[in-house]
Amino acid sequence: MPQIIIKGVALDQIRAISTDLIERLSLVSNTPKDYFILECVQSTFVFNGELAKPYPLIEVKWFDRGDQCKLAFATSITQAIRSLGYPDVEVYFTTLSPVDYFENGVPLG
Amino acid sequence: MPQIIIKGVALDQIRAISTDLIERLSLVSNTPKDYFILECVQSTFVFNGELAKPYPLIEVKWFDRGDQCKLAFATSITQAIRSLGYPDVEVYFTTLSPVDYFENGVPLG
Amino acid sequence: MPQIIIKGVALDQIRAISTDLIERLSLVSNTPKDYFILECVQSTFVFNGELAKPYPLIEVKWFDRGDQCKLAFATSITQAIRSLGYPDVEVYFTTLSPVDYFENGVPLG
């Protein structure tokens, strides 16, 4: 945690931005870099009977860190993906509660 | 958004129903058709040590549009999937908040 | 439901633990075994520009069954995955509401 779950971006492109992006997110959230998970999901989008051109859709699963940090994450992720040449980027946040998160069987809250 | 995330249905089958389904969902929710994302996820189900026969399991990620619209979505999706020959269909809704959703870095709420 | 969505564990390994794990979860939750879905997701993790070694990350999507049952699930899943040789296991819970879950078009709540 946080998990950054990326759809619609090629794996090689995610690799290319991964180091800088995680460093940036680590900085703005004061969270160790190795807490982050960057996940590339290969799914397929369909529209009007055809395979649709994928576009970047990123879910952040995290514990709530406040609105300022949320905006900083959204901005950093959007900029990183746009630097790959994608004009449009959607980023959304799913908040988990520490009492629902278990590391090696122990709840974090 | 809304995202219709489909597991347990073959990609070609999703393509076959996509045009009519999105038209229907667009109509009942008064939402432009190109707001919808139809996503096909290829994951694997396991039961009793074996690969399990997949069955349709559909998640709708959306902003809350009320109970009447929710029922209309569930009904439309269930009918579309059943028309492919699947007897059982499960549809569930995950509600996102506009303040947690960023388009090009700008929150929607 | 409940759905046990597993990332970072090979499919054959999930098959190997599936029977005992579902039996255990069924017992502690007093839920029929065939209500459970064990799903193997093949996604890719990235860290520092490289493919990262996957590690077990398990999401349980369920209706709330209380803290005692949650702990029993987390413990059972963690033990099952550890028996495969993984030292670290993360398990988190996402709670769905029966009013948001439709079986064949009928809401469960």
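Think of it as A, B and C in the order they're written, each chain with its own count starting at 1.
Methods note: contacts are C-beta pairs under 8 Å (C-beta built on N, C-alpha and C of every residue); 3 or more make two chains touch, one makes a residue touch a chain.
Quantities reported herein were computed from a predicted structural model and do not represent experimental measurements.
Visitor: Can you work out the rotation angle that lays chain B over chain C using Cα coordinates, in steps of 5 degrees?
Guide: With C-alpha atoms aligned, the rotation comes to 120 degrees.
Visitor: Validating interface symmetry: for the copies chain A and chain B, is the fraction of residue numbers used by both over half? Same or different.
Guide: Different-residue interface.
Visitor: For chain A and chain B, what's the span in angstrom between their mean Cα positions?
Guide: 21
Visitor: Among all residues of chain B, which ones touch two or more of the remaining chains?
Guide: In chain B, 42 touch at least two other chains.
Visitor: In the complex formed with chain C, which residues of chain B make contact?
Guide: Those in contact with chain C are residues 7, 42-52, 57, 67, 70-71, 74-75, 78-79, 88-95.
Visitor: Report the residues of chain C in contact with chain B in the complex, numbered from low to high.
Guide: Contact set of chain C toward chain B: 1, 3, 5, 11, 14-16, 18-19, 22, 34, 36-42, 96, 99-105, 107.
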